[in-house]
Structure formats: structure tokens, C-alpha cells
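Here chain A shows up in two complexes: once beside chain B, once beside chain C.
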Partner chain A sequence: MDNMKLAKEKVGDFLAKLGKERFRVPQETGGSSRFAPLNGESSVDFTLSNTTVPLKSLFYPQTETLYRYEVGETAMKAPGEADEMIIMGVRPCDAKALTIVDRLFSWDPKDPYYLERREKATIIGLACQEPRLNCFCTSLGGGPASTEGLDILMTDLGESFLFQPLTEKGEKICQEAGDVLVKSEDSDVQAAEKVHKDAASKIVRKIDSEGIPEKLPQLWDSQIWKKTSEPCLGCGACTFLCPTCHCFDIQDEIEGLEGRRYRVWDSCMFKEYTLHTSGHNPRPTRRERTRNRINHKYSYFVDKFGVIACVGCGRCINLCPVNVDILNILSQVKEAL
Partner chain B sequence: MADLEKLRAVAKETVSRDDVKYLIGWRQGTYGFRVSPHFITEPEEADKLIFSPLCSNNLATYLTLVEKLPVPRGQEPDTRKIALMVKGCDSRAVVQQLVEQGIKRESVIIIGCPCQGVVDLAKVEEKFPAVLEQVEARWDDGKIVFKLSEGEKAVPREEVLADKCLRCRYPNPVTADTLLWEKVEAESNDEYADVGELEGKAPEERWSFWEAYFSSCIRCYSCRNVCPMCYCEDCILDRLNPTWVNRSNNISENTAFHLARAFHLAGRCIECGECERVCPVNIPLMKLNRKLTKEVREKFEYEPGTDPDSKPLQASYRPNDQENFIL
Partner chain C sequence: MKENPYQPYVATIEDTWYETVGDRAVKTFKVTLDDPEARKNWSHRPGQCAMVGRLGIGESMFCISCSPTEGDFLRFSVMRAGKNTQGLHEQEVGDKITVRGPYGNSFPLEDWKGKHILTIGGGIGQAPLRPIVEYVKANLDQYAGLTMIYGARTSGDLCFRNEFEEMMKRDDISCHLTIDIEEEGWPYKVGFVPSVLMEVNPSPENTIAITCGPPIMIRFVLENLKKLNFADEQIYTTLENRMKCGFGKCGRCNAGNLYVCKDGPVFSYSTLKNVPEAFA
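Let's turn to the complex of A and B:
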């Protein structure tokens, strides 16, 4: 299918044509941003950089009901069907992150909740123009205009957005939009390529991950873990806001005779994460927990699924209150290898 | 005036002592305006210590955050002291921990750094583009001077300092074993204008204000973990049997969490502002804390962390204590 173009003043028409209720877009609530339904608004703020809470919250929400039950009954009630979603304004790193966690959720057993949402979602990405200081996507096979995980790549050309459909789902959206979109010129594609190239050249932080996955476990007793974890507060900011972190806990809530079983994000940086009933904790301090966080991303996940579970979005660096910096840890790892 | 030579010399001397396990101070972070807590056991590591308007972290939290592993059979517990660098507000945390007997006086060495105020990183980042190279900063007569690669830039302190510093009444450590330099002058008063502003609103308006923030909370617990006064070994938030606060993230549970957190700090919060600083979703937690601080000050004339010989508010009783708010 041809590349298309959406004039900026027609964004409202685009949303209306496809049905506003289907859209999920970056939105600010309180003092942070995340993907949320349009809420009756007729436009989208595409100037928001990467959202504080990553895209994953739409696919595995922080709290998700697995089933409901009544005490004394054996029947379980499944939650309702997932909504169809068109997610617009996704940064390429967040989309790439989904392709990484896809491997986990479609492993054994397949996760029906996550996979149904993936199936029903169309992702319209927005190429980054102003990568942030701690973005290092280009070190991990991504980039400000990476298309992995996207159905359409959108590029801001000033007056309009270039729409490059990448999958059948993406083409379908372009067809549905009809004459709200117009065909693009060759010059538009060239302009977009320049935008992509300029953005990539603005990325300053880098890591060479060569050799890390294979050799990282050899540094099990290294002083790196003690030194880098000393300031760590043991909070869940780095993991909850990581687009690839996917650990969850399963809990029950019962009110009267009605109950539900749900899952909720968990963090390997919490002390109760590996706490045994006996009181023993195989990861008793933040040293072991920090070591696990890095090893899981850069070694265990690679071992199992063939890909590093980090996309270089920089959130864990930006939001760590005590400057635990994954790139700094990785460069110390590289030196020690 | 911050004297780094003195600071490092005292640190070297302290960390060389046989009865000191380690010292906690600040060092330049991995990039830009960031600073990181610096744990040192060797004198040579003291050369990285700094004290500047970028040193926001309240290091007192590490006194109670330390994870104690079971002592292997046949070994004695390590009772060596922990040395800690404190600003005025940080020292109030140490004092409150002492008052509550959360730590023992003989287990800490307090190195006091009279402080002219630390920056609010968000205000700094609005003024300067993010940079990779480490930026140093210093106080200079009502201005904060940043040493950038293109040269020094001075900014009036009011434009970049944290709100808590612009109304700080305790810039000097209230207790210390060593005071590193001369005391500085305190801001004259704190009228709790920020609290008053919210108090003046109708309940519905106040609720919609908090609802937006509480519903965006991700329950990462960075506010709890960074708080030097949140040191219960068995926190109600972690309890499962009974489950006081459900793990589910929704407005009901999130509100329960935030109210529990704030109320457990009534008469204990020393207003270092760390909870608000670290919150990744920018919840203005100090507004909640300061409402309680204000009540405690007005009703009981009590200010936590200002007198090592005092008793905790909830453990002290005076016959003339107000009780008109008890139903």
C-alpha cells in the first residue's frame, strides 16, 4: 500500500472517522502521562515525549481481573472481552518492547488476556524527533524510527504526518480513514527520512552489548553488584516503568461472598518478591536484587527467548531517585568481562 | 561556605577509624545535574565526596534501610558505627529516629553540613538543556552557580531551589558530632501558604485534586522507601495476612495507601521533601504531610526532629493537650 499523509488540522476528523472510542492516546493525569482513552477530546497532544507509564499498561494493566467467583460456588466467571484499540502516538521503543514481551506471554502456557488485547490492537507509532538524553535505543537494535511492533509509522513533517503502513492491520486503518488521508509525495518520504536520520544523530548515550549476555553470569560475585546497589532504595520505579518488565503477583480480593482473583505488577526490587513462607529470602538484600534485574534483562531473557529485554527507553535512568544508572552498570560490566 | 577540602579531610579521618563501618556522603552522579549517595569504606574514596546545591538526597534513610542478614553461628554482630553527612533537614530525621529509638546514638557519627538550600531538579531542567557531562554547582551570595561546559551560569536562588528550602527554618544541623563549617542564616518563617491554599477550597475541589493524583499512583513505594521515618520492619503495606491494603491499583486502594502513609507520619515528618522529590508520577505528597505538620504544630506546639531529648508526640502527654477534636 502507498504511503499516506494526514494534515495536522485533520487529526480530529481522523479520530472521528475511525471512532473516537477506539483510540488510546498519550494523556496527562495528575503529574504524569500514560496511554488512555480519548475522553471526548477531539485532538491529541503529540508533543508529549515518551509517556511516564509505558505502553505495556494497555496490554498487561497494573491490575487485571483473571476471574470472579462466589464463595461456595464452583463456577468461575471470566472477565469481559478485551476492547478493540487503535493506539496512536506510540514511541518506537515502546512498540519494540511489546515484541519482546510477546515471546514471554505466548510461551507456555499462552496468556489469553494479553494475547487477546494484542490481537485486537492496532499500533500507530510516532517517530521520535527529540530523543531524550538517556535514550539509548540505537544500541539495542532500535531507533527513533524503528518499525518493529508497529502497524503504521507516523512521522511529523511540520504541517502534516506521513503515514507509512507496515502491516495488514495498518493498511486497514488507512483504508477506513478514506479521504481524511491523502497520498504522499516522494518528497514527503525523503523529508521523513531526514527527520529519522537527524533524530538518530541526537542520541548520545550508547552501550555495546556484545558479549554481555553470555558472560554476565560469570560476574556473580563481582563487587559491581555491591557498589551499584548501595544507593538503591528498593522501590519499584525502575521496574514498574520499564516497558519490558512483566513480573506479576496473583492475589484474591473477597468482599462478602463475592471474590475475584487478579494479577498485579510485581517488582524484583521489592524485598517480598522472593520472600519464602519460611522467612528465608534467596535474594536477601538489594545487592542480589540489583544483580537479578540486570541479569534477567541482559542474560536470562536472552537465554530463553533470544533477545535482550531492554529497549533503551531510558525511563529507569530518568526516574531513579538515587541515580542508579543501567548504562553505568553495564559499562562496569563490560570492563569487568 | 561549603569547604570540600575540610569535608574530605574529615571523611578520611572518620572512615579510617577502626570503629567505623562506612561513611555515607554525596558524589557527582553519572551525568548532568544528578548526584548519587556515596558509600565509602576507604579513605581514598573520600576524594569523590561533594557538597553542593545538587545534594538533595536525605541520607538518613540509609540508617534504617540497611538490610541485616542473620549473623552466622559463631560470629559476633558488626556493631561498628555508620558515619553520615547531614544537612539541616536531614539531621532532623536522625534526631527523630533517635527520639523514637529507631537507631542508637552510639551507632552513628553525624557530620553536619550547614546548608544554603538544594535545587529542585525539575526547575533546573527547565532552565538548562539536559547534558551528559557532569555539572557542578555552588552557592554564591544569593545565587546558584552552575559550571557548564560553555562556562559558568549564575541563577538567582529563588528560581531553582526546592520549595522546602525557600521556607527552611532549619538549615543548620540540629545535632552533629562535627560541624564542617559556619552556620548559615535560616529563612525567617513558614506560614504554610501551600497548605492554606488547599484548605481554602471546597471539599469536592480538594477531592478532585487528589483523585487525579492518587489514581495516577503506580504504587512503586519510592515515597515510602526514601522516607527516613518509614522504617517499620513489618510495614502494613506489605502485610498479606491480614491484607490491610490490597495490592490492586485503583482509586480506593491507592487512597488508602496514601492516607495511611501520611497519617503514619503525623508528628513525625521532618519535611525533608524526599517523598515528593522521588515520586516518578509527581504526586505533591508534601501537601498532605504539611497539612498534618501544621495541625501538630498548631495544636500541640510540637515539631519533630528538633530536640534529641524530647519524646515522640504520640508518646507524650500533657494535661492541657487539646482534645476538642475528639468526637
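Let's turn to the complex of A and C:
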């Protein structure tokens, strides 16, 4: 399908034509941002930098009911069907992160909750123009205009957005939009390529991951883990807000006569995460927990699923209250290898 | 939702009894799945686990402590230790619990045919070894022999004592019960499991040793098995870690790059000796 173009003054028409209720867009509330349904307004602020809460929260919500039951009964009722979603303005690193999490949730047995939402979602990406200080996507096979996990790549050309459909889902959206979109010119594509290139050149932080997955576990007893985990408060922000972290807890909750079993994000940085009922804890201190976090992302996940579970979005660096910096840890790892 | 691995089966407690008493009592439950279709489709192998719980309280992972050779039911031996196990201990015959699984790999009992099977258990660690014992007992003509060493702190902490005493009467099985400290009227061995292992002095010739128990016991059993010239490939154990899903999603049960729920819980020592977190 041809590349298309959406004039900025027609964004409202685009949303209306496809049905506003289907859209999820970046929204800022109370100092943090996340993807959320359009709140009545027909305008979207596409100038926001990557959302604080990653895209994963739309597919794998922080708290999610697995099934409900009545107290004293044994019948279990799974929640209804997932909504169809068009997610617009997704940064390429977050879309790439989904393709990583997909591998885990598609691993036998499949996770029906996550996969149903994935199947029903169309993702319209927005190429980054102003990478942030701690972005390092280019070190991990991504980039400001990476298309992995996207159905359409959108690039800001000033007066309009270039729409490059990448999948059947993406083409369908372009067709549905009808004459709200117009065909793009070759010059638009050239302009977009320049935007992409300029953005990539603004990424300053880097890591050469070569050799890390194979050799990382050999640094088991290295001083790195004690040193780099010392400032850690164990708040879990690095994992909750990581677009590839997927660990969860399962709990029961009763309210009145109704009960539910739900899953809720959990973090390997918490002591309780691995605590046995006996009181024994195989990862008793922040040292072991930090070691596991880095090993899981950069070695164990590669071992199981063939890809590093990090996209270089920089959230764990930006949001850590005590400046624990994964690139700093990785460069110490590189030195020690 | 057609296939939902998070949704458990409902099961009814057919029989239940205490193995041990006290703060950390062990109670065994014999249960059957309510749904006839589920019962028909269920099949487990010795070494596999299941998530057992109650709606409104929660669920925890337990080894299935019976062998499929025993019949069309499941057994779980549960030590009272926290909220979920307390909730289970309150259940009696006829009560409903939830079960999902079976999870994980199993002891390669088919591959072990023709070999001598040696189990070395401590405390509640005998629960995952029990299905091996029952399976080998049911197919004794296909194995070179069966030797069991089982110990606990006191005679009151021994699980499955009646079953052991029955087996001790047989001359085709070798069975050694031990307690840590001498007690009046105790007719069997006294001493730690690793020491009793040295005393029994099993030959490594054509033998597979499987051990499970407290981490400290496992450590010394492994040391002693090496002293007895068992090769790493002849030694097996089964690991436990905190689990929530049971099938590789929730993340927490890994020992190094291995998920205990999916890659395990059964591992040979030749694998585990290279996993730094395996005995953490």
C-alpha cells in the first residue's frame, strides 16, 4: 500500500472517522503520562516525549482480574471480551518491547488475557525526533524510527504526519480513514528519512552488548553486584516502568459476597518476590536481586527467547530515585568480562 | 475464554489425615477432580507439581505426592506454614479445593528401567520422592532394586511412617528410617540422613540416587554421594521456589537461567552444578 499523509488540522477528523472510542493516546495526568482512552477532546498532544508508564499497561494492566466467584461457591467467571484498540503515538522502543513480551506470553501455555488484547490492537507508532538524554535504543537493534511491532509508522513532517503502513492491520486503518488521509509525495518520504536520521544522531548513550548474554553469569561473584546495588532503595520503579518487565503476583480478594483472583505487577527488586513461606529467601539482599534483574534481561531471557529483554528506552535510568544506571552497570560488566 | 491456564479445576477431598502434628503439621489430602472430563484428561508423572488452593484465600505450588500407578486420584502432603496452607489444613472430607496443573518435568523413570533406585529424603522432602517409590514398587520387576533412606528430626516429624513400616517388612525392598536424636522406644536408626547414607554404603554401580530435603541435608548428601563415587549424572534432585503461575510467566522461580516450574522441578546434578543459584 502507498504511504499516506495526515494533515495536522485533520487529526480530529481522523479520530472521528475511525471512532474516538477505539483510540488510546498518550495523556499526561498529575505529572506522569500513560496511554489512555481519548477523554472527550479530539486533540492529541503528539509532542509529549515517551510516556512514564509504558505501553505494556494496555495489554497487561497493572491489576487485572483473572476470574470472579461468589464466596462459598466454586463457579469461576472469566472477564468479558477485550476491547478493540487503535493505539496512536507509540514510541518505537515501546512497540519493540511488546514483541519481546509477546515471546513470553506466547510461550506454551499461552496467556489468553494478554494475547487477546494484542490480537485486537492496531499500533500506530510515532518516530522520535527528540530522543532523551538516557535513550540508548540504537544499541539494542532499535532506533527512533524502528518499525518492529508497529502497524503504521507515523513521522512528524511539520504541517502533517507521514503514515507508512507496515502490516495488514495498518493498511486497514488507512483504508478506513478514507479521504482524511492523502497520498504522500516522494519528497515527504525523503523528508521523513531525514527526520529519522537526525534523531538517531542525537542519541549519545551507547552500550556494546556483544558477549554479555553468554558471559554475564560468569560474573556471579563479582564485586559489581554489591557495588551497583548499594544505593538501591528497592522501590521497584525500574521494573514496574520497564516496558519488557512482565513479572506478576497472583492474589485473592473478597469484597462482600464477591471474590476475585487477580494478577498484579510484581518486581524482582522486592524481598517478598522470592521469599519462601519457611522464611528462607534465595535472594536475600539487593545484591542478589540486582544481579538477577540484569542477568534476566541480558542473559536468561536471551537464553530462552533469543533476544535481550531491554529496548534502551532509558526509563529505569530516568525514573530511579537514586540514579542507579543500567548503562553504568553494563559498562562495568563489559570491563569485567 | 476457551483455554485458560489460570483457571483451576474444582476438586473434592476424598480423604485427609495428619502425617505429623505441631506448629508445622503435615496433612495429606487425597482428592479427585469434580469434572469427569477433566479427570479423564488429567495425567501426571512422578515429580510433577500442581497449584492447590482455595478460592478467596489463594493457591500455592505442591508436588503431587502420589504415583499415577496408585489410581485415579491426587495426593498432596501439605505442611502448615502460611496463609494458604493454614486455609488448606482447615479443610475436611467433602470440602472443595482448587487444583491446576500438572506442571513441570518429571523423574525419567522410563529411562531408569533396569537400574537400582535409591531415594534419600529428609522431612517433608520425602513428599516428591514418594511417587518414585510407589511407581518403582508397582513395577519392581523392571528395576534392579529399590533402596530408601528417610529421616526426620524426631519420630513425630516423619511422614508416611506407616507406609515405611509396611515396606520394612518386605525382603525385596531395602528401607532405612532414621531420626536425628535418640528417643525412647525408637526401634530404627539414629543419626543424620547423610551419615546414614554412609552407613548404608550403597554401590554406585547401575544406581540412580534421588535426594530431596532441607538445603543443608541436600548439601551433605551430595558430598557423601560423591564420596561413594556416584557420578553427577547418577544424582537427581527436585527444587522448589516461590511460584505464582506455574508455567513460566510470573518470573520468580528461576534458578539462574532455569525456570523451576518449566525446566524443572527435577534436575540432574550434572545440570545443577553449573547453576550458581541452584542451591541458594
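Here, the second predicted complex is superposed on the first by the 337 of 337 C-alpha atoms of A that agree within 3 Å, B and C clash if a C-alpha of one lies under 4 Å from a C-alpha of the other, contacts with A are read in each partner's own complex, and residues count from 1 in each chain.
By definition in this document, a contact is a pair of C-beta atoms (placed from the backbone, for glycine too) under 8 Å apart; a residue touches a chain by one contact, two chains touch by 3 or more.
Computed from a predicted model, the values in this text were never measured in an experiment.
J.: For the three-chain model obtained by superposing on chain A, do chain B and chain C clash or fit?
T.: Taken together on chain A, chain C would fit alongside chain B, as the superposition shows.
J.: Have a look at where A:Cys268 lands relative to chain B and chain C in the superposition and call it first, second, both or neither.
T.: second
J.: Once the structures are superposed on A, label A:Phe305 by its partner contacts, choosing first (chain B), second (chain C), both or neither.
T.: neither
J.: Could you tell me the angle at the CA centre of chain A between the CA centres of chain B and chain C, given to the nearest 10 degrees?
T.: Between chain B and chain C, as viewed from chain A: 90 degrees.
J.: Check the residue A:Asp249 against both partner chains and state whether it touches chain B (first), chain C (second), both, or neither.
T.: In the superposed model, A:Asp249 contacts both chain B and chain C.
J.: In the superposed arrangement, does A:Phe46 touch chain B (first), chain C (second), both or neither?
T.: neither
J.: Figure out whether A:Val71 sits in contact with chain B (first) or chain C (second), or with both, or with neither.
T.: second
J.: In the superposition on the shared chain, how near does any CA atom of chain B get to one of chain C? Answer in angstrom.
T.: Nearest C-alpha pair, chain B versus chain C: 6 Å apart.
J.: Which chain A residues contact chain B in one complex and chain C in the other?
T.: 249, 251
J.: Please give the residue numbers of chain B that touch chain A in the complex, ascending.
T.: So the residues of chain B touching chain A come out as 29-32, 34-39, 57, 61, 65, 67, 69, 130-132, 212-213, 215-216, 218-222, 224-226, 238, 243, 246-250, 274, 277-284.
J.: List the residues on chain C that touch chain A in their complex, please.
T.: Listed in rising order, the residues are 1-8, 10, 34, 55-60, 81-82, 85, 96, 98, 215, 240-242, 244-245, 247-252, 254-257, 276-277, 280.
J.: Mind listing the chain A positions that touch chain C in their complex?
T.: 66-67, 69, 71, 73-74, 76, 78, 104-105, 107-113, 116, 217, 220, 246-252, 254, 259, 261, 263, 266, 268, 273-278, 280, 282-283, 288, 292, 295-296, 299-300, 303-304
J.: Which stretch or stretches of chain A touch chain B in the complex?
T.: Against chain B, the touching part of chain A is residues 29-32, 34, 52-53, 62-63, 132-134, 204-205, 227, 230-231, 233-237, 240-241, 249, 251, 253, 262, 264-265, 267, 270-272, 284-286, 319, 321-325, 327-328.
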